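Here the chain labels run A, B and C in written order, and each chain numbers its own residues starting at 1.
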Amino acid sequence: MDQSDDSPRHLSRRSLMSTGVLAAGALSMAAPTVGTPVANAPALARAGTTKKIVLYAEQLPGGLFGYGLAPGQATVPGPVLEIYEGDTLEITLVNTTNQRLSIHPHGVEYSTDSDGSPLNGSFNNPGETRTYVWRSREMVATTGRRFMPGSAGYWHYHDHAMGTDHGTGGVAKGLYGALIVRRRGDILPEKQFTVVFNDMMINNRMAPATPMFEANLGQRVEWIAIGHGGTFHTFHLHAHRWADNRTGMLEGPSDPSHVIDNKDLNPGSSFGFQVLAGDGVGPGVWMYHCHVQFHSDGGMVGLFLVRNADGSMPPGAEEAIHRFQGHTHSHGS
Amino acid sequence: MDQSDDSPRHLSRRSLMSTGVLAAGALSMAAPTVGTPVANAPALARAGTTKKIVLYAEQLPGGLFGYGLAPGQATVPGPVLEIYEGDTLEITLVNTTNQRLSIHPHGVEYSTDSDGSPLNGSFNNPGETRTYVWRSREMVATTGRRFMPGSAGYWHYHDHAMGTDHGTGGVAKGLYGALIVRRRGDILPEKQFTVVFNDMMINNRMAPATPMFEANLGQRVEWIAIGHGGTFHTFHLHAHRWADNRTGMLEGPSDPSHVIDNKDLNPGSSFGFQVLAGDGVGPGVWMYHCHVQFHSDGGMVGLFLVRNADGSMPPGAEEAIHRFQGHTHSHGS
Amino acid sequence: MDQSDDSPRHLSRRSLMSTGVLAAGALSMAAPTVGTPVANAPALARAGTTKKIVLYAEQLPGGLFGYGLAPGQATVPGPVLEIYEGDTLEITLVNTTNQRLSIHPHGVEYSTDSDGSPLNGSFNNPGETRTYVWRSREMVATTGRRFMPGSAGYWHYHDHAMGTDHGTGGVAKGLYGALIVRRRGDILPEKQFTVVFNDMMINNRMAPATPMFEANLGQRVEWIAIGHGGTFHTFHLHAHRWADNRTGMLEGPSDPSHVIDNKDLNPGSSFGFQVLAGDGVGPGVWMYHCHVQFHSDGGMVGLFLVRNADGSMPPGAEEAIHRFQGHTHSHGS
């Protein structure tokens, strides 16, 4: 059981780079559960770098839709898009479907024609290709010794045109993904996991088909959590905690941030944090789940498998996974 | 289309000052969508200043109720009440209705007889006039190098007596408004917008009758968002972001605050922030809406019109506004 | 009316110490509404201290279940468990019931066998005794001048095995309590109140049977708020405010935290803060309640009685309490 995640596509950074789609730099495109050690990649981006990518919106089995970086490679969630403050991302969106759709980002800057909304006539008709431009920047000093915030954050993108003027149909069917804007000097993770609570599903799946994320003991893992749909949720991760601030880490003893392991994850919101897998608690199988009780009972739960440092399975892990795959999530065994 | 907002009343700071109701000072009373450039007003208030105002609670067309600063001038939301830490606000509330009602503030200090609750016998019977006193102060040092918080914040006020002991009837019908307590040195905005998510409405309206807020490119705009009712919401503003802290701006590179463009806005909560209209994105028509999908589809959406710097309409804006006024918010065009 | 709270048990620190269950130190075990002046207790704990306690899970009248520190002393919520960063808490849980159950903590560190989850086979069968070990630590420096967060926080613990694999049955019936991990130097309170919003109840009660918390004017009071169940809530306290950070107090003028008096309190989340009872507002009877309007109307409201500094009743307090005990919470009087 080397790779339990059965996401449609696993896009490694290496494979993306080799397609020639991406300019060399800090832009990391990764499928939600990719295991690429992004911390090992050089951070070559400079302020003002423009990255051009092509995204394909595609229909998937089961009535789903997804975004992908190459034809036939759409996933739910779509690829993690990642830039540094100052970078521009130019996205050519190819709509291979028979539906009106778009891409709308949070956190970054765009003109009305890149808004992704029908309000501004910013969408792809069926079969249409359209380019969206997202810009970013560093914080800017203003009066009173304060700063207008820069773009850095754990953001997300999603359709804003399928089904309704707010993209309710596209969001429900999987047209969403993570967008990370880093500040220079931010610590890069070794692994990234995208978790989307979308109505009563995680990444449009229910347990036991929800993603099992994997890391080795001590690896620096980045979680990006995104809320969608029409239901309220709280994201909980067992045995790991994070600071409720921009990075998930404390700036020092005077950083007043709450430290938490459970956080509201409601439609349109997102957050991210880094943990060291199994730090202080050891390897094993740890749950992440919505803490609204009937949501977790109903299948909004997945596994975080922390392997031994050498990648081998820790004692009891196989049994826990089998237990998870067999149980019903609605009553005790 | 110079002024698309059809709120019942537009109260300019100038007109309020000329009524003689307000003492000169930093107290800014403004209807929710007033365009008064409050940053141009002198900040004369000193700690300990007591401001006395008269508020009129009135019945409005459509079964609504509102607070206003003069007879016949009640609005939904009521006027923005604004003081500096240290100030006292003495409110003589005239109940012109045939209902029991009160005014209850968040964030400031008051004795039980100004609580606004039936629990403490603090309300106006029908036709009754009653005075409520709200005090404020700066932070106070305590042990351990920490400080008990001062009153500064984006707060709100609302009825706590109509219909039920919690004012559920009055809140549902429009008896609410923004209360701002500033810290000395805080940056003053040029415009202020009050947005109240109240069950499935914004300021007790549904699209396309929701407020269209307007500013010129680059103007410093202050948003005050308030949650009410019995439903959960998330407030999202397109193409603008803010720091999730007291001011919405960063204190510098070590300020660990999240930067966001979407935030939970649930009953009894409030927050505020300042943005530079269209900064980095240009003029145009930008949506603000609840990001719970079926809420936005159902009409919890409004427009933020960012005009050109000279006040003229940017290309495409008229078309977007007409599109908004015509569409149904429940399915694509 | 010296003590209006009719919780099943009142465990004073003194009585706990005298049972010999607790080693001398900073570990404070208290029933939710205990009036013990914990600030007067010496803080003797050193990093690495291991505290051993025995908890009894018991069935209570009315179909409830609770945790208690001695046989026959279970309460809803369970006792406040309190340690310093660096301490280890070793809990021997005696299951006196005929149900499968466990104890699962937030915020602290534990191996899979102390996870409290059926997933990891970590629970007590009916009648079984099992030991759970929770560890904690201070923040740890990492690269980039940042720190991986320590364990300090206002956390909580709850069943994770009764009824469903997520403990939905146990949580619904009262198997929950507060867990505080302090940082060295944190200010100790004189009183502690635990408030759990659990579906449409507070500490599994509805008004007027909800707890009435009491303090004398100026006493330093610590509130620990915990969310459970399947419903969204907002916690509001009248006439008091706090900083929305780890301690509820500001670190100084550059602390950017929101100051609030209303906060989302959703399943699995918790927070805490300290206020000086009646500070700036005087003694009296102050409401705390869920601000979701129909929740407060439905009985999610309780009283915070701030007595005069000498412990005597302030004017109007008796009347307010009687009014509260008599009213229906669904319409005006």
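Brief remarks on what is shown
Basically, contacts are C-beta pairs under 8 Å (C-beta built on N, C-alpha and C of every residue); 3 or more make two chains touch, one makes a residue touch a chain.
Quick caveat: nothing in here was measured; it's all calculated off a predicted structure.
The pairing of chain A with chain C is characterised as different-residue: of all residue numbers used at this interface, under half are used by both copies.
With angles rounded to a multiple of 5, the C-alpha fit of chain A against chain B returns 120 degrees of rotation. Taking each chain's centre as the average of its CA atoms, chain A and chain C sit 34 Å apart.
Multi-chain contact residues of chain C, defined as those touching 2 or more other chains: 232, 243, 247, 250-251, 255, 257, 264.
Looking at the complex, you find that chain A touches chain B at residues 100, 106-107, 109-112, 115, 117-121, 135, 137, 139, 142-153, 161-166, 168, 171-172, 227-230, 232, 243-247, 250-251, 255, 257, 264, 266-271.
The residues of chain A lying in touch with chain C in their complex are 185-187, 232, 234, 236, 238-239, 241-243, 247, 249-264, 275-276, 279-282, 284-287, 289, 291-297, 301, 316, 319-320, 323-324, 327, 329-333.
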